[in-house]
Amino acid sequence: MSWHSDFARPDVGREQRKGVPEIVLADRKTPEQNVALAARFLEAEGRAILSRLSPESEAALRLAFPLPTTIEWLAMPRAMVLRRPDYVPPQTGGRVGVITAGTSDIAVAEEAALLCREMGCEVHTVYDVGVAGLHRLFGPLEHLLAQVQVDVLIVAAGMDGALPSVVSGLVDVPVVGLPSSVGYGLGGGGVAALLSMLQTCAPGMAVVNIDNGIGAGAMAGLIANRAALARSRPKDSE
Amino acid sequence: MSWHSDFARPDVGREQRKGVPEIVLADRKTPEQNVALAARFLEAEGRAILSRLSPESEAALRLAFPLPTTIEWLAMPRAMVLRRPDYVPPQTGGRVGVITAGTSDIAVAEEAALLCREMGCEVHTVYDVGVAGLHRLFGPLEHLLAQVQVDVLIVAAGMDGALPSVVSGLVDVPVVGLPSSVGYGLGGGGVAALLSMLQTCAPGMAVVNIDNGIGAGAMAGLIANRAALARSRPKDSE
Amino acid sequence: MSWHSDFARPDVGREQRKGVPEIVLADRKTPEQNVALAARFLEAEGRAILSRLSPESEAALRLAFPLPTTIEWLAMPRAMVLRRPDYVPPQTGGRVGVITAGTSDIAVAEEAALLCREMGCEVHTVYDVGVAGLHRLFGPLEHLLAQVQVDVLIVAAGMDGALPSVVSGLVDVPVVGLPSSVGYGLGGGGVAALLSMLQTCAPGMAVVNIDNGIGAGAMAGLIANRAALARSRPKDSE
Amino acid sequence: MSWHSDFARPDVGREQRKGVPEIVLADRKTPEQNVALAARFLEAEGRAILSRLSPESEAALRLAFPLPTTIEWLAMPRAMVLRRPDYVPPQTGGRVGVITAGTSDIAVAEEAALLCREMGCEVHTVYDVGVAGLHRLFGPLEHLLAQVQVDVLIVAAGMDGALPSVVSGLVDVPVVGLPSSVGYGLGGGGVAALLSMLQTCAPGMAVVNIDNGIGAGAMAGLIANRAALARSRPKDSE
Amino acid sequence: MSWHSDFARPDVGREQRKGVPEIVLADRKTPEQNVALAARFLEAEGRAILSRLSPESEAALRLAFPLPTTIEWLAMPRAMVLRRPDYVPPQTGGRVGVITAGTSDIAVAEEAALLCREMGCEVHTVYDVGVAGLHRLFGPLEHLLAQVQVDVLIVAAGMDGALPSVVSGLVDVPVVGLPSSVGYGLGGGGVAALLSMLQTCAPGMAVVNIDNGIGAGAMAGLIANRAALARSRPKDSE
Amino acid sequence: MSWHSDFARPDVGREQRKGVPEIVLADRKTPEQNVALAARFLEAEGRAILSRLSPESEAALRLAFPLPTTIEWLAMPRAMVLRRPDYVPPQTGGRVGVITAGTSDIAVAEEAALLCREMGCEVHTVYDVGVAGLHRLFGPLEHLLAQVQVDVLIVAAGMDGALPSVVSGLVDVPVVGLPSSVGYGLGGGGVAALLSMLQTCAPGMAVVNIDNGIGAGAMAGLIANRAALARSRPKDSE
Amino acid sequence: MSWHSDFARPDVGREQRKGVPEIVLADRKTPEQNVALAARFLEAEGRAILSRLSPESEAALRLAFPLPTTIEWLAMPRAMVLRRPDYVPPQTGGRVGVITAGTSDIAVAEEAALLCREMGCEVHTVYDVGVAGLHRLFGPLEHLLAQVQVDVLIVAAGMDGALPSVVSGLVDVPVVGLPSSVGYGLGGGGVAALLSMLQTCAPGMAVVNIDNGIGAGAMAGLIANRAALARSRPKDSE
Amino acid sequence: MSWHSDFARPDVGREQRKGVPEIVLADRKTPEQNVALAARFLEAEGRAILSRLSPESEAALRLAFPLPTTIEWLAMPRAMVLRRPDYVPPQTGGRVGVITAGTSDIAVAEEAALLCREMGCEVHTVYDVGVAGLHRLFGPLEHLLAQVQVDVLIVAAGMDGALPSVVSGLVDVPVVGLPSSVGYGLGGGGVAALLSMLQTCAPGMAVVNIDNGIGAGAMAGLIANRAALARSRPKDSE
């Protein structure tokens, strides 16, 4: 298949170099550009990941890549993973927990979770357990820590951004704070959430920018895979 | 006693008009000015309240007002209440709870508590129960709600400002959020705390400006005294 | 009726826990989602409240809930209250006054008033009495204080945000400042109004975020109901 | 007298060109520099105006310019006007009113008033009539409008900055809003006051920057002198 | 004609009280609302002024008010003045100069000029003489000062906002700085222009908010009419 | 030894609960308070860590804790670690690399490194390799990755904040960006550095607030210790 | 050809006066206005340059200016250069290099390059060599410096804005930093990029505003042409 | 002489690599550190440049480096250049003009001029010709352009920052805008000046950060030396 792009140089080698595959942010691209980019990644890496797809781009991709290419669809971030039949998904054993304060934070959380899964991690999600009803948090959090034994937590919140600080005060694993662009008025659009996370009283959290689910996923995936790598090696191999 | 001021017009009638006595913010005034203002309020209202006193002003006031004037001193906000022997403190039956996230928030919380007490309320304080160690919160909060049956809560926090949202999500009384100027870097000086409170997910909270302990106390005192007034009246008097 | 939601967990227990019913902000939801949420609240609580409805959502709701469900419609905030025939509205005796500076502030003021009424309060409104023509303020304000004897005032203003400070300087009840997103240029969108309210010279006011009519209503409703509760109890019952 | 300056070029011709004399802002200059500048203006224009003088600069000036040079001292802005015995102060008949919201606004208001007087205007001041006690405003304002018949009003305010909008809504002369750097927390240092004035609902006001008393005085003096010039001319002279 | 409005209380008495007629900002109103407001002002004052009209509102107004009502149309701000046949325009003799830096500033300048004319002033305009080609400024400015003898200048600028400071440094009449929302990137939308004007080095200028042509016109009109009033009175009448 | 504190509740259990010991920020405390806090931590945990000590506090601590208590001193952040003779430092095998762009970033980097060491990690530092002379970076970075095999990198930078993005683009381990308060003018005090890091093009970095060396150290220490825990366990133990 | 404009005064003499031709920013103008402006510049200068053309304006221009007028089209900034047959393009010998960090920066970079070429410079471009994959930078940069011997570099970047600092640290020619409006969340829209460039650690760079490709091109063109002028003159001619 | 530094790595090779010598910013360093750095640069490059010296550091340097080391002192930026007897100053023939709006801008302008001179350029300065008295500008500017034939202009301004735009609109050489931290209130500290320069209407200017005289000097020096290099070479040498 011949492929030519004069609008972008996809970084097809990133996964090898960085351990993080590239996710195409599709919302500013035409359906034709998204199809071309998907083709390029499928060819080079056996898999293509696109997020924030318009209905038009979604339709164009479904049309352009019939079976045997398989398509996985995530409704909330409107994301798609295409895989060649011979693609073998990685499985690292890394364990990531993803928590959201509200339902409006789920789309960015799902982007983070998607990237972690494509980096080979197991991902466990707990949604809508924010501080307006904190009693919903404790059970699921205990489960993530004691049963799942996550290596890292992503905690997404908009509005007041209080949940990541609350969680970070309770756990002994690193926390990645993910502010979402929820909120209005002064400090709206995620600004108050981001600032509150930067000001956290609870040690052991670092943050990414507003709505940067992919950045949060990359950070958490690298953390979890570092631990998983150690688990998978013979003890004397280092 | 003759008194003359060319630097300020103390609003000696405010308590009658507004139900809130004036607290002199002493930090930008000379010891002489603070003594003159204290004399003016003692004469007109039988009581003077000054906060944020320098050691020099404190000493000048102690010297200027010997017995039988009585002096009450609060160390954290460096505040002083002077009372004439014939002054009868008000007792309204209003009930106010004051909570702080950290120890650095205590000074502004004490200013709020002081004003509520001088408005005639009972004040109950719980300090240093912030989200970095949330397990410390639940017992004292339950006590304030069930035993004390507070009419209103003031919750002070700096840094991430998360505690007021957490509390407001748990209680059925109005909450006054009081951000304190604690914190560094982006969102420092209380800005992140204030924005986070303005963005709260939990209904039933309103806020005052950073370090405005007096504003928080005035609001809470008015709320509590409104309820206390209703409690104190015969049922058919309205 | 079967109901399933994968986009939100409505907090149907909030009213019991917090004393504040949930108002669905409908503007970011599809007609189908709004109908589903309305059904859920009608079923669980006998009443559903939705605000900021698109014409499409309004039509869908009117179609989905014929008699005997009753529908109340508020034009300015485009809000709807649906009630089952067996729903008994609360009546607490709380008394709330709502004042606006201009006509552009009425929509958020109406949201606040709506929530107070649904919390059982009597609500009295006075609109368009801002500082550009202050002579219009004094008569209605006197009426609210002396005749109605309101427990709390909500004062909404955009632009310069001066009215809440003016009112707070004149009254002896707590004031909830409600900035609205009116205004252009520097400090526009309600920012100057909010900052001016945070900086008020007049003690006894706290504020909510820009356009947060629901937050203002929740705060005022809790304040008024606290006083009403005291009025309704036998004197020795506490 | 020999004079040399390598640190500034005083604009000694400004009064002739612009109708506004220069006021030396003394706070960033050494006593020696202030003495040199005062000498320069006394020589060239018969009068020197300096504001924001340190005690050291004040003392140096008093020492350097004995009688017959006359010295006028304003305590609040720490300003000094020196005049040669042969200096004839201008008298234009322009009429300026200066109003402040609080006592903390007086220093910048006095700078504005000083400049207006040195431009030849009559100046009438009313201080400490802000919105926390608005009943104090109406009488003096009526006096300025009906008796004094001011050509222009300067209204200074810090904190919420509400007074200039209130005044501008009541009068039919131009208003110069003068924000002062009073206030703390978000919107502090005069920012909220400036923004609120920029957002005023009441037409007929323009503003200068925070603490720019001299700018407000220059604007008001030019406005008043324009009217005074018209009053002083024979009717058919134009 | 019967008229009823539930969406606004037009301030039909403002012109008598303030000396400034109200201009209806039409862009957020429906054609029906604009027609109703125009009818209300025509009835009460004999004249209606509307600005920022959509083509739909313009058409509706032209249809609703046939002869003998006269219509004046300004293309740049899309403004309309309607007058009853018996309306007698005021003529005060006030003289206003309006200058713009660029062509993009003309719309707001025209709003200011319109209001001044409707307040009875003569208005003289000079457009597109900004600092990118300063040689174009001097001749027209000399004309305004020496021939026209303006009482006040409005100077509009976006982008760098440099022209008002340049003009204010050259003239001896008061200057009203009018920033326009021209400019991109940091300081865009008129913010840099406004800040630069607030920071002006040249005394004798005050400013209004970004795009507030009406505010600038009201201020300038009041200044010019104050001078004109003095010119029109017998010398001994005061 | 009797110990009483009415100014703070040291969280002596934090290390057990969170895996992160508390570092006392000493700069806002008196020498007496710092000595008391050090005694409290020595008693409860066998070790006390204080940073940002004034010379007075340093001297007081050296005097108060003679041998056999051992003292370690770090000059750049003016930090001190006191240990009881029986204290056994943890050794987890976690591996942390710390890089700074300039010499001004070293103090916060040293705080981060200190905390990592006290959490049991090996720490390797490379200082002053910023983008003004990028050729200095590549060799040391290769060493950290290939020889040391760090689990995580902390990269500190002020001014333009470019180095963390450059490093994150080159490595396959998680990066913690640490902005320092270096820089002047617009974006100064670390703001530009923080924003640039939040906007990084290179996936796999999360950030802490300006000058929050302790936060960066806590995050990196938890990441490294998670990997070290996996390395230290028998393969089948999980 | 008759031409009249009431919406703009094109500065047809700018190229002679400033050495920089005017580029019409077409995005806020109608097709008719753009055609009229193009005609005006073609007539006066033999060439017209328009950028950011809508498809409608592009079509109108192509229709209005058939052969023998020649048309050059740049797809990324949607820019057009029209030339009369007798137009002789300048050739100065100035040498400009243009580098971008990503593909999203190309549109503004192309505007800069276009202006440099129309000023007579040779322009050499290198795109998509940002810090997420810095290995792509060094070869092309060496080529620009050693082979092409550029007089000046324009470096465009959005997001973190790190590339211009990296380049400026490596080269000995002046660098013009060009931030582009790429990026989201806090510091988005090019703000972080601009601030980071203003804070650069590497001497020898100055910046223009976000997306101001034309400003960057004008600065670089003037720098290169100054050097080219010196190269083209006989040695003793100065 | 033995030299050791553990607090900084002076970039002694920068002049060779970048064409820009390093200027030590001395204000945050101890006298001992400044002496050590001066010694290091004198040894390696024959010259040391330090700016913003405290009186203590100045005295220490004068003591540490007696004859035959020569010392040049600049009073306004408190800068010192030390030279070994064998140091041969560069003379490139580059020509730089430096203009300031006010006297407060001279210190940063002198830093820029100093760096240009040390890079081998001739520097011509014109101070205090800002827009408050623009008539002072034209003569000196004409001289710089026609007689001196500068290759580049640095224009420094604080407050409104209007002068650089005015100059850039008049000249055909590149302009480096240098905002200085002069100004108060909103937009103070040089922010309005910087934003106004970024928004300039006049093409051919780029800017550096507030008070970055050294950055402006480096940029201008590189521009001038590029032109000078071309002038100095035989015509056919390129």
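The chains carry the letters A, B, C, D, E, F, G and H, assigned in the order they are written, with residues numbered from 1 in each.
Everything that follows uses one rule, which is that contacts are C-beta pairs under 8 Å (C-beta built on N, C-alpha and C of every residue); 3 or more make two chains touch, one makes a residue touch a chain.
Since the structure is predicted, the reported quantities are computational estimates derived from the model, not experimental observations.
Participant: When you check each chain against subunit B and subunit F, which touch both of them?
Facilitator: A
Participant: If every chain is reduced to the average of its C-alpha atoms, which one ends up farthest from subunit G?
Facilitator: With centres defined by C-alpha atoms, farthest from subunit G sits B.
Participant: Sharing more than half its contact pairs with E-G, counted by residue number, which one of A-F, G-H or B-D qualifies?
Facilitator: B-D
Participant: Report the inter-chain centroid distance for subunit C and subunit G in whole angstrom, where each centroid is the mean of the CA atoms.
Facilitator: 53
Participant: For subunit C and subunit E, let me know how many angstrom lie between their CA-based centres, rounded off.
Facilitator: Here the centre of subunit E sits 38 Å away from the centre of subunit C.
Participant: So, what's the distance in Å between the C-alpha centres of subunit G and subunit B?
Facilitator: Subunit B and subunit G have C-alpha centres separated by 60 Å.
Participant: Considering subunit F alone, which of its residues make contact with at least two other chains?
Facilitator: 14, 132-133, 169, 185-188, 191, 194, 198-200, 202-203, 209, in rising order.
Participant: For this structure, enumerate the chain pairs that meet the touch criterion.
Facilitator: Listed in label order, the chain pairs in contact are A-B, A-C, A-F, A-G, B-C, B-D, B-F, C-D, C-E, D-E, D-H, E-G, E-H, F-G, F-H, G-H.
Participant: Can you check the complex and tell me which residues of subunit B touch subunit C?
Facilitator: 17-20, 149, 151-152, 169, 171-174, 176-177, 194, 198-200, 202-209, 214-216, 218-219, 222-223, 226-231, 233-235, 238
Participant: For a test of understanding, state which residues of subunit D touch subunit B in their complex under the given definition.
Facilitator: 103, 128, 132-133, 184-188
Participant: Applying the document's contact rule, which stretches of subunit E touch subunit H when the two form their complex?
Facilitator: Residues in contact with subunit H: 101-102, 130-134, 159-162, 165-166, 169-170, 183, 185-188, 191-193, 195-203.
Participant: What part of subunit G is in contact with subunit E in the complex they form?
Facilitator: 7-9, 11, 14, 17, 179, 181, 190-191, 194, 209-212
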